[in-house]
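Okay, here's the structure, questions in a sec.
Note that the chains take the letters A, B, C, D, E, F and G in the order they are written out, and that residue 1 is the start of every chain.
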Amino acid sequence: MKIKPLGDRIVLKKVEAEEKTSSGIILTGAAKEVPQFAEVVAVGSGIVNGNTIDMEVEIGDKVIYNKYAGTDVKIENEEYIVIKQEDIVGVLV
Amino acid sequence: MKIKPLGDRIVLKKVEAEEKTSSGIILTGAAKEVPQFAEVVAVGSGIVNGNTIDMEVEIGDKVIYNKYAGTDVKIENEEYIVIKQEDIVGVLV
Amino acid sequence: MKIKPLGDRIVLKKVEAEEKTSSGIILTGAAKEVPQFAEVVAVGSGIVNGNTIDMEVEIGDKVIYNKYAGTDVKIENEEYIVIKQEDIVGVLV
Amino acid sequence: MKIKPLGDRIVLKKVEAEEKTSSGIILTGAAKEVPQFAEVVAVGSGIVNGNTIDMEVEIGDKVIYNKYAGTDVKIENEEYIVIKQEDIVGVLV
Amino acid sequence: MKIKPLGDRIVLKKVEAEEKTSSGIILTGAAKEVPQFAEVVAVGSGIVNGNTIDMEVEIGDKVIYNKYAGTDVKIENEEYIVIKQEDIVGVLV
Amino acid sequence: MKIKPLGDRIVLKKVEAEEKTSSGIILTGAAKEVPQFAEVVAVGSGIVNGNTIDMEVEIGDKVIYNKYAGTDVKIENEEYIVIKQEDIVGVLV
Amino acid sequence: MKIKPLGDRIVLKKVEAEEKTSSGIILTGAAKEVPQFAEVVAVGSGIVNGNTIDMEVEIGDKVIYNKYAGTDVKIENEEYIVIKQEDIVGVLV
C-alpha cells in the first residue's frame, strides 16, 4: 500500500530525530521538538493545470520542509507527509 | 440520484474507518478521528473558465484529501464530499 | 418581477427541505438545518470582463451550492440566492 | 451637483423599502432591515487600467447589490452608493 | 514645497466640511464625521511597472475617495492624502 | 559600509523631525510621532524576476513613504529603511 | 553535511551580533535583539516553475534579510536560515 502523489506533490516519511540518520546528521533536542527533516518516498508527475514543473527531488533524498505545510497521513502505522514541492526548502547533500 | 460535479470538481464517498477496506488498508484509531480517506464516485469535465485541466483520478480510486476542503453533502443517507482536484493530495496504489 | 443575473451569476430558488422534491430526493433532518439544494431559475450571460465563461447549468436544474456564497434576496415573499457559477459545486442527475 | 463615477463604478440611489416602487415590488420587512435594492443614477466609462469592461446596467435600472460593497456618499441630503459593477448581482426585469 | 506623487497616485487636499465649498455642496454633519470629499492638487504620471494607466482626474477636481485608503501627510500645517486613483470613486460635476 | 538594495528596493535614511530640513520643511509634532519623511541614499537595479521596473526616485530625493512598509536596519548607529519603490508614495519637490 | 537550497532559495548563516564582523560592522545592542544580518553559504539554481530568476547574491555576501521570513534549520549545532531571494532586502558593500 503506497501513496501516489498528485501534481507537484511529494510523499515524505519522517526521519526519527535524535538518532544518527543514515546521512550522519545528529539532530539536536531543539530539532526533535520541531522535526522538519524527512526522506522522500514518492514524487508526483509535476503536471499542474497542464504545465510541467521540474521535480527537483528524488526518492531517497533527505529534505528539509516547511513544518506548517503539507498533509499528515498515517498508513499501516507509518506516518507520512504529502507536501507540495514549493514547501520543500532544501536537500541535505 | 447522483451528483454530477462541475468543472474540476470530484465527488467522494467517505471510506468507513477502522474496517479493512477493499484495498486492504487498516486505518488506525488516530486516522478514524480525522477520516480523510475516500473513494471517487464521480469526476467533473475538468473545464474551468474555458481551460481544460487533466483529471488525474478515476471512479473507484481511493484517495487522500485535504480534510478542510470541499463541501459535505448528504443524499439518501449517504454522505459525500464534493471537492476540487487540487485538494486531493494523492491516490492509494 | 424577475431577477436578470449579471455576468457569470445564477439565480437559485431554495428547495423546501424534508419534502419529496420533483426529483425524488428525500432531504434528511441534517440537510434541513443547512439547506444547500436549490433550483436554477435564471442564468447570466457568462460574460465577465470581456471573456465568456461556459454556463454549465440550465433553468430547472437542481443544484448543490456552497452555502457561504451568494447574496440572499427576497422578492414578493419568495427567497432567492444570486450566486456565481463557481460556487455551484454540482448538479443532481 | 452630481457624481461622475470613475472606471467600472456605478452610482446608485437607495430605493425606499416597504413602499411600492415604480416597478411594483413590495419589499418586505426583512428586506427593509437590509435594503439592497437601488436605482442606477450614473454609470462609469468602464475603462479600467486601459481595458474596457462592458457596463451591463443603464440609468434607471433597479438593481440588487452586494450590501457590504461600495462607498456611501451623502450629497444635499440624498444618500448614494458608489459601487463597482462586479458588486451588482442582478437587475430587476 | 509640494508633493509629486509616484505612479498612479494622486495628492488630495481635504475639503473643510460643513462649509459651502466653491462647488456649492453643503456637507452635512454626518459627512463631517467622515469627511471623504477632497480636492485634487497633484496627479502622478500613471506609469506603473512599465504600463500606463489613464489618469481620469485633473487638478482642481472635487473627488470622493475611499476613506480607508491612502496615506495622510502633513506639510507646513496643511493636511494632504496621497492615494491611488483606484481608491477615488468619483468626481463631483 | 553601505547597503546595496536588491531589485526594486530603495534605501532611505530617516529625516530628523522637528528640525528645518535642507528642503525647508518644518515637520510638526504630529509628524514627529509618525515620521514618514526620508532621504533616498541608494536605489536598486529595478530588475525583478527578469522584468525591469522604472526606478522613479534618485539619491538625494526627499520622499514620503508608507510607514508600515519596509525593513528597519541600523548600521554604525545610523537607522535606515529598505523599502520597495511601490511603498514610496511621493517625492517632495 | 550541507543544505542545497531549492529554486530561488538561499541558505544563510547567522552573523554573531555585537562582534566586529569580518566586514567591520559593529552591530549594536538593538540589532542584537533582532539579528537580521547573515552570510550567504549556498545559493539555489533560481529555477522556479520553469522560469529562471537571476540570483543576485553570492556565497560570502553579507546580507540583510526580512526577519519574519524563511525557515530556521539547525544542523550539527550550526543555525541556518533557508530563505527566498525576495526576502533578502540588500547586500552590505
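We take it that a residue touches a chain if its C-beta (ideal position, glycine included) is under 8 Å from a C-beta of that chain, and two chains touch if they have at least 3 such contacts.
Please read all numbers here as calculations on a predicted model, not as lab measurements.
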Touching both chain A and chain F (chains): G
Number of steps on the shortest touching-chain route linking chain C and chain F: 3
Gap in Å, rounded to a whole number, between the CA centres of chain E and chain B: 52
Centroid distance [mean C-alpha coordinates] between chain G and chain A, Å: 23
Circular arrangement of chains, read from chain A onward through chain G: A, G, F, E, D, C, B
Chain B contact footprint on chain C (complex, rising order): 23-26, 28, 30-31, 36, 51-54, 56-57, 64, 66-67, 85-86, 88-93
Complex interface listing, chain C residues touching chain D: 1-7, 9, 11, 45, 47, 49-50, 71, 73-77, 82
